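Next come two complexes built around subunit A: one with subunit B, the other with subunit C.
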Partner chain A sequence: MTSLYILTRKEYVQMFREFKILWLPLVFMFLGATQPVITYYLPSILAALGGNQGITIDPTMMQQDGAQVMAATLGSQFDQLGIMVIAIAIMGIIQSDKANGMLDFILTRPVKVGSYIGGKLFSNFSFVALSVTFGYFVSYVYVNFLFSNIPFLTMILALGFYLVWVLFMISFTAMISTIFNGQGVIALISIVCLLLLKVISGLHPIIDLVNPAGMSQQAMMVLITGSMDSQLYGNMVITFIWITLTVTISHYWISEKKYHEN
Partner chain B sequence: MKLHYGLNDLNEIDWLAVLQVIWPFMMVGFILILVALIDLYRHREVRTNVVLWTIIILFFNTIGPILYFTIGRKGAIHHEVRN
Partner chain C sequence: MKLEIKEVTKTFKAKTAVNNFSMVVETGQCVGLIGPNGAGKSTLIKIIADILYAEKGEVLLDGKKISTMKKEIGYLPQYPDFFHWMTATETLFFMGQLSGITKQELMEEVPAILTKVGLINEQHEKVQTFSGGMKQRLGIAQTLLHKPSFIVMDEPVSALDPIGRREVLNLIQEIKHETTILLSTHILGDAEEICERFVIMKQGKKIEDTTLDKLTNNHQAVVHLELASHNMLWVQIIEKLPYVKNVEVLGKKAKITLDNIQQNKDRLIRDAMDNNMDIVKFEVGSSETLEDIFLKMVVSV
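The block that comes next holds the complex of A and B.
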């Protein structure tokens, strides 16, 4: 019964009370199903609504590859609406404790700040990762059903790389949640920063190397090409350095009691 | 472009094939709406803007229930449960 274990369990109880344990997996399943279904029906929707004077799809166009649809699930569903959903779900993790005095209460006990942040990050990351995995598997089943098959190992590998980027999102939002006090400000700053990182990824190889969102780019590359890019490990190491940095900043902020000042 | 579809056009769609794909997809959205509405109804005494939230949950698909769960359940601060 370490304090890390107790704090993690407290987080899970909290998630259960907020129904987070129900809606976050459902939302990601929804997002995962959206991309294959829409891609599959897009030609018939355009045929019904576009007619011969609007947009038409070239009937000789090759049917899309399953891996491409899967990559599009990561790139245009999880990385857009998914980022917002994660940021909104995570925004209160430390802020709500600050607001109702729970943080001060916990710190009067013999609990290390490290295990407090560790419990927060571990519980939330494991839960969000599970939700993302659910959504990803739903997308996988749909893609196998409607498009072509994807090798299972490639899919798991890409998911693993994508989860590194998810871990960065969570530690970043936790840091913003430690520093600022208003929920709206936290949601705004973290969503804007994370979407900005996503937008600048893929512009230049050097920027990609130091950009945590490059991990999502790498996961998509693994899905489409089936092989790993030479930059992947460098990108992963730098992403872990970023994660360590954000955790260190929130650790410093709480242990120095900076949150009392604003 | 055909603007108006008659009822007869509905018969031309292969419903079985469409439903096979769409059914789980709609189910997920439906469960979200249902859970949000049940929670709103059970706590209708303490929530603020009940009618507004009902409209948001029903008509803003998927994003409406999420907004309710994250923002709407903390509506009235003096009723907030301190854990």
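The block that comes next holds the complex of A and C.
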């Protein structure tokens, strides 16, 4: 048995014991359902509660199609509350091991730093990706039910692109968790940086190309237009470079024992 | 296994925690690393356990770099803490597997080692519920699990209550015969009890490397006398006796220096009997305890 396997399995057991395995998918399923349901019922809710003073619903308003609602699930739900939930769920990924001394313990064993980080990232990414996928499918079901149908392949493709952005969120938060020691600081820095990346995406094509949050933009584009943007591959390659960079920094920080010095 | 520490230096920002420290620990030895708080003991131990890097110098185990010999080292930190959600058994399985021990072996080893450290009844309880002493014992269990040939312990008993302290000390006494041990402490009595050799550290430097025998032989033997009453008149009289060199009185106790103690201690006790002194304690020993020597060294050097 390799230490990568042992460390990965330990992460899964921990998720079970801490009920993360329950609440994270539930949060994303809730987020996934919110967008289509609110979009569909908002006119009725406004009509019922708003009375007739000053508010009129344009009866000729164009019905949104499924792809737009699905894209809004990614852009307005997952990329806002979702980012915060992910950052908070994994802010302690390495910080908690530093705090209780387990990192020291693990590293006095014949364990490579790469196995340690690899186990952390693999387990957490696979789990968060699964939660996001659940939420995404819930959204898909509601969209198909309340709005128009989306081609299955398009939907899967968009999800794939979105998960690359999720992988960046995790490797970035893990890096922050390696460098800083306070949970609050880690959550704050991760959330602010990731939201900032999201905010600046869509401003300019050049920025989008080097912005990992551009992958979320790409996913939305695929959903809405059904075709892939010319920048997509460049964006994906650069995002993977960012991911490699964050992992390398974490690896450097731990193997050079920098985490002991602040 | 032979441990060599060669000219190790470690600096934190402006403070030099370990300064050009060298020593050799031979196979089977038990060495006590003693020094006041902040002397750099923990830093040195962490460098030996390969948790911190030394800026200069190196640590070799059997002539090989310590980072390649992790299977041979057992490390016990000052405040061992584990994953709170794991049980004692799970913790040992986890740590054992990381050391490359197979599950089959662990099935046999883990209960045996938990019995040894006295945690067998708590084997399925979560670490969360453990007291400091229990965590320390679990820490010792994980140090021994992979049968290392060299064990480093950072203040293994300092944070424990008297009962926990006694348990852990007995445990160390037991394992002492099987491995080479280096432990740090600032409680001198503990070091005196377990170790044969002492290395005294101050401000990152080694200021003394000696054995208990050597230390006490360097100092002359005296009589420690304790009386039941506060009446020390007799003590003042004996100061005039020809074979008594010096008397120091401290409450009911007196430290008496004699000429040729082997011959004259009997004369002294006979004299005390003749004067009907109520003796509580009459002891021939070193004029200085390890503590006196330690204090003198640490304060004066």
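Just so it is clear, the second predicted complex is superposed on the first by the 259 of 262 C-alpha atoms of A that agree within 3 Å, B and C clash if a C-alpha of one lies under 4 Å from a C-alpha of the other, contacts with A are read in each partner's own complex, and residues count from 1 in each chain.
Please note the rule applied: a contact is a pair of C-beta atoms (placed from the backbone, for glycine too) under 8 Å apart; a residue touches a chain by one contact, two chains touch by 3 or more.
The structure displayed is predicted, hence computed values, not measured ones.
Once the two complexes are laid over each other on the shared chain, residue contacts for A:Pro110 go to subunit C alone; subunit B is not touched.
When the shared chain is aligned, subunit B and subunit C each come close enough to touch A:Asn100. By the touch criterion defined above, A:Ser3 reaches subunit C but does not reach subunit B. Once the two complexes are overlaid on the shared chain, A:Lys257 sits against subunit C while remaining clear of subunit B. In the superposed model, A:Leu26 lies in contact with subunit B only, and not with subunit C.
For subunit A, the partner with contacts to more residues, out of subunit B and subunit C, is B.
Once the two complexes are overlaid on the shared chain, A:Glu18 sits against subunit B and subunit C alike. Put simply, subunit A uses residues 14, 17-18, 100-102 to touch subunit B in one complex and subunit C in the other. Residues 1, 3, 6-7, 10, 14, 17-18, 100-102, 104-111, 256-257, 260-261 of subunit A touch subunit C in their complex. Subunit C makes touch with subunit A in their complex at residues 12, 46, 49-53, 70-71, 73, 75, 77, 79-85, 94-95, 97-100, 102-103, 142. Considering their complex, residues 1-2, 21-22, 24-25, 28-29, 31-32, 35, 39, 62-63, 65-66, 69-70, 73, 80, 82-83 of subunit B touch subunit A. Chain contact summary for the complex, subunit A toward subunit B: residues 14, 17-20, 22-23, 26-27, 29-30, 33-34, 37, 40-41, 48-54, 81, 85, 88-89, 100-102, 138, 142, 145-146.
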